[in-house]
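Naming follows writing order (A, B, C and D), and every chain is counted from residue 1.
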Amino acid sequence: MVEKVNKGEPILKINDIILDFSTEEGTVKALDDVSLTVKKGEIHGLIGETGCGKSVTSLTTLGLLDDNAIIRGGEVFYRGEDLLEMSEKELRKNVRGNEISMIFQNPSTSLNPVYTAGEQVKESIVLYQSDDDDESQRLVLDELDRVKLPDPEEVYKKYPHELSGGMMQRVMIAMMLACNSNLLIADEPTTALDVSIQAQFLKVLEELKEKEELSILYITHDMAVISEICDKVTVMYGGQIAETAEVHDIFNNPRHPYTNGLIHSVPGVKKDVKEFETIPGTVPRLINPPSGCRFHPRCEYAQEICKEERPPLERIGKEHLVACHFWEEVE
Amino acid sequence: MSNIVETKNLKNFFQSKKGTVKAVNDVTLNVVKGETLGVVGESGCGKTTLGRTILKLIEPTDGKIFFDGEDITDHSGKKMREFRKKMNIVFQDPVSALNPQMTVYDHLDRPLEIHNMVSSEDEKLTKMVDILNTMGLKAEHLIRYPHELSGGQKQRVCIARALCLEPDFLVLDEPTSALDVSVQSKILKLLDRAKEKFDVSYMFISHNINLVRAISDRLGVMYLGRLVEVGDSDEIFENPQHPYTKALFKSVPQPDPDEKVEAPLSGQVPSPVEPPEGCNFAPRCKQKIGEICEKHDPELKESGERKIACHLYY
Amino acid sequence: MEKKSIGKYIDEDTDQQEIDAELEDLKEKETSQLALAWMRFKRSKLALIGGLIVLVLVITAIFAPFIAPYDPLETNPQRRLEDPSSEHLLGTDNLGRDIFSRLVYGTRIALMIGVLIVAVSGGIGITLGVLAGVFGGWIDEAIMRLVDTFLAFPTVVMALAIAGALGPGLYNVIIAVGLVVWTRFARVTRGDILSIKTETYIEAAEAIGESKISLITKYYIPNVLPSIVVVATIMMPTALLASAALTFLGIGAQAPDPSWGYMVSSGRDYLTIAPWMATFGGASITVTVLAFNFVGDGLRDALDPVRGGS
Amino acid sequence: MKIREYIESKRARFIVTRIVKSIPVFFLASIIIFLIMHLSPGDPAEIMLGAGATEEAIESIQQRLGLDQPLYRQYLNYMSGVFQGDWGVSIRYNQPVLELIRTRMPLTLLLMGSGLIISVIMGITMGVLGALNPNSIFDYSSTVMALFWRSIPSFWLGILFLYVFALEFGWFPIGGWQGPISLVLPMMVIGLRLQAIIARLTRSQMLDVLTKDYIKSAKTKGLKRKAVIIKHGLRNALIPVVTVIALRVPWLFGGAVITETVFAYPGMGSMLVRGVLSRDFPLVQGIVLVICISAIIANLIADVSYTYIDPRIDIDSQRKG
């Protein structure tokens, strides 16, 4: 990788990705002009409901999409190189693992059930750090320690089905970070974890960001987790980017009607169920998505123009972008 | 205020390969008529088993269950079936809670038939459409199969199925955790509306603490099969007293960038198989007052309006 | 539940915009599980071909007398071992009988044996499977021990032993093979019922007070039926092959029945001078079994796509 | 090394329970065989000696085989005999059954063993290749071929091979045993059919495993495609394949019976057929019992090997196939 990136500069720039899936029922227009930038040493939250395309965006970056995916356009710049241009071999050799790594939602299925936790972390060490047997064993124990796993010797010998959800998720992180990656994509890592374990897990992520300038793209549907650890947030709806802003702007000054509706339907923002706001209608099926802005069928501010013309991602503040024709009127 | 449901020292132990699992360990609680009792706790705390045991879907190992003052602990077969009309449950995963071979009509028809709640086909259809409308669904949905409905719609059919028995008490076991946020708030508002319309008391079980705060009148906090704190919901959130409740609420992320989680609860959720000696929370408790916590299991005792199971408060 | 009878119950008090938004994505006609399965079945070309062949075989079996030009049993010593000709499409056998006619009547025997074996083994297997699955406990343990025992016997060996004891003959073969292959039905039915038991809609049914009987009739059986249909189709090949093998070994259908297995075994001695006797017999068995395999695979993907079938 | 002992003890316990569980299966099987033999409508002695047998001959047979005693007594005598090596005497060959089996069984095991080895090698390779490029021409054709090999009756396949390779080409002997050369054709008949079953199962298991999350994690770590597929994929995919192969071992005996008859291969299988045709009950009973014992042992070996492949020992494996 050619470009050296220092803190605060963009490490990952996703520009205008258009992606479809060809399925038996028809073509699913999964991503429609998706753009997103992650800066070095930043935790960037990507939030949206089921089927909004947040996981598809992350899989596009690493080229882990299913075979029925068709990328129609767009680029993914990582430290100056366009990952979409890279061949499978190049991606595998130079990007996956030693530059970008990924952890998934349920830890119990993300680890191979027939190898012990230690063996799976050692696999990354041997690939990227050292293939000498004793040294790699020692490095594995360091990695397990780095993610604050109690009693690493014990965990080393255990099979995944003998570990708890929280411990498995940490082994996942250790396994990925052992590849010295600079960008970690976390796809709903705490959804399957208990509140107390989730809190500890988020602390580990924060420390990795502070101490080792690790950039993280954090994908979730949980607004509370977003407010907990993210610096910047991108909201997606129906395969389109609705809004991107600093975490405070998203919560205190949401400019997109969908973000606004979402925030006010989250328990905790409103203390009593009677005050909950709801967004009418249901998430659109992306086989024949609504024209123009895909939120218009459910939007109270929608007018004719919203049906015809897809609103561009407009910069309305230093770090604040929104895709809505009537963002001024949202309150 | 009379109680719709009461339990006395309810116990439910299972035999697993690794030993006895004390899922529900000596729980005494009550649900006041017309209220929503929230029950929160982490995985393995026994909240789901408690819900199912109260409904006698699982036989309790020990202790008593009262429904509307009547002891139903030993009811079974025909006698129990009468109570099936009075109390029911809504499950977490709507996808597996509906029989794929039955239409929505059949799902509502079964309860009405079993408890012959209606005398004519006309009356049955009117009742069904009325309940479906309360749930924001229409008559057109009656002839649909589960695989033709969205997650939110399926859950509304499950709630409709429970409500058409016009129960007095409904256990809601994580009814919205399998759904998206916007769908979840719709379901919660429908449940709230249904509570007034059908005059039902709820036991709302969830791991989502912010959500339970918004919907419950009273709150019970469970840890490893035990009830550690019970009381008015807002009071507990304002001023939690049991060490576990305090630590738990502190590690819950709030949807507000300025409110951050400081010291998360340390350690692991221990497994309910052969729980530790004395107070179960002792190994992770920062306010341990010494020997007594390791040795004696605290009783659930009154402390002002609240009930707490902790030696600090005797 | 036709559509028009609901018509008069539609009223408008609930929030209209939300419901209409939801109604749009409801497809025009409601699709039942069966319609869904037919759509998936149509997609696989092999399954359709298989289905077509099976249809042709069934028609041949039913209308054998009209299709077969000669009486399959009528011997004609002068016309022995003739090559295929316009008169005898597939030639004649060592007793001068028309091979094509014997093949046509052979279809009838083959399908009949297959169906009866599947019925016998299905009957035993499904009942035991349901008992083991629904009641569990020692019943399950006992039945599963029995299944393990029968699994220790290869189908052909066991059938041989039974047929040997009962003596040769078509009906003994049906009993022999039926008594052995029921384990497949038992295992699949039991497995399915156990997985259905863990589904929440069973617990929900108990919560509304369904009785044990209506649980079995309204919840277990309808959901187990698809995989039973799949296993029944998959068992036809096993039944056909086993019964043909027994006939070949001399235990099954006896001369002069026009059974395919017998045609192959009797054709073996004339391989050099009249190979078509054995070849056409064997080919008919292969095509029939292949067709049922195609249909069986197609049904399995259509009816329980998730599990993919055992 | 607390963990190692713990696993060893768990495996030992698992093996012991499996052995204990198969003992009732063995006795149940022996009872079933015994009952079948005595199922036949007529008087076994008469049937065995054929129509022309004199009264005295029938009497002596009944005395010798103790056929006049109640069934359960006969069974107990028979079983005590089995454990002392006296499996009765064959009517047709007039030799002890155990002796006949001891001479013929190795040939059958040789045939089954070679058939198994070929089918495992061919089956797994075809299955993995099919899974690696799904819906390709290769995958489509190998699927149809696999279905074809499963549909063709093995006795017809045997006759075809005999006709083409032995009669026409003359590469192989017509029948009997002239050394390993006469093993080839019967071995192919058994092997081709089983390899089709293994190939299809391996393919579907591989396809299923390749969609699992831990394969995505392996890819994310930047492992080479080969490492992801062989090291992570294949090992998980083979677990159910081993189970099915073990379940198919009894089936191999069935295949051997038919193939040996077609090729006049002097194994235990062809002897069983002759035994059944000539109503030689003691011989048939002996052979079926041996087959049943070896099948139980095969299942046992499979379950034990299962514990080495899959560390999740206590999850009772759902037997497939």
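FYI, contacts are C-beta pairs under 8 Å (C-beta built on N, C-alpha and C of every residue); 3 or more make two chains touch, one makes a residue touch a chain.
Keep in mind that this is a model prediction, so the values were computed, not measured.
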Distance-to-centre winner among chains (Cα means, whole assembly as reference): C
Pair with more cross-chain C-beta pairs in contact, given B-C and C-D: C-D
Computed distance of Cα centres, chain C from chain A, in Å: 49
Cα-centroid distance, chain C relative to chain D, in whole angstrom: 24
CA centroid of chain A to CA centroid of chain D, Å: 52
Multi-chain contact sites of chain C, meaning residues that touch two or more partners: 15, 18, 22, 25
Shared-contact residues (touching 2 or more other chains) in chain B: 150
Numbers and ranges of chain A residues touching at least 2 other chains: 282
Chain A-facing residues of chain B, complex: 42-43, 150-152, 180-186, 188-189, 192, 207-211, 213-215, 247-248, 251-261, 264-266, 268-269
Touch list for chain A against partner chain D, complex: 62, 64, 88, 92-93, 95-98, 101-104, 106, 109-114, 123-124, 127-128, 157-159, 161, 172, 175-176, 179
Footprint of chain A on chain D - complex, ascending: 3, 212-214, 216-225, 232, 235-236, 239, 309-312, 315
Chain B contact footprint on chain C (complex, rising order): 1, 3, 5-7, 9-11, 13-15, 18-19, 22-23, 25-27, 30-33, 36, 199-201, 203-210, 218-219, 222-223
Contact footprint of chain B on chain A as seen in their complex: 49-50, 150, 164, 166-167, 194-200, 202-203, 221-228, 247-248, 251, 261-263, 265-274, 276-279, 282-283
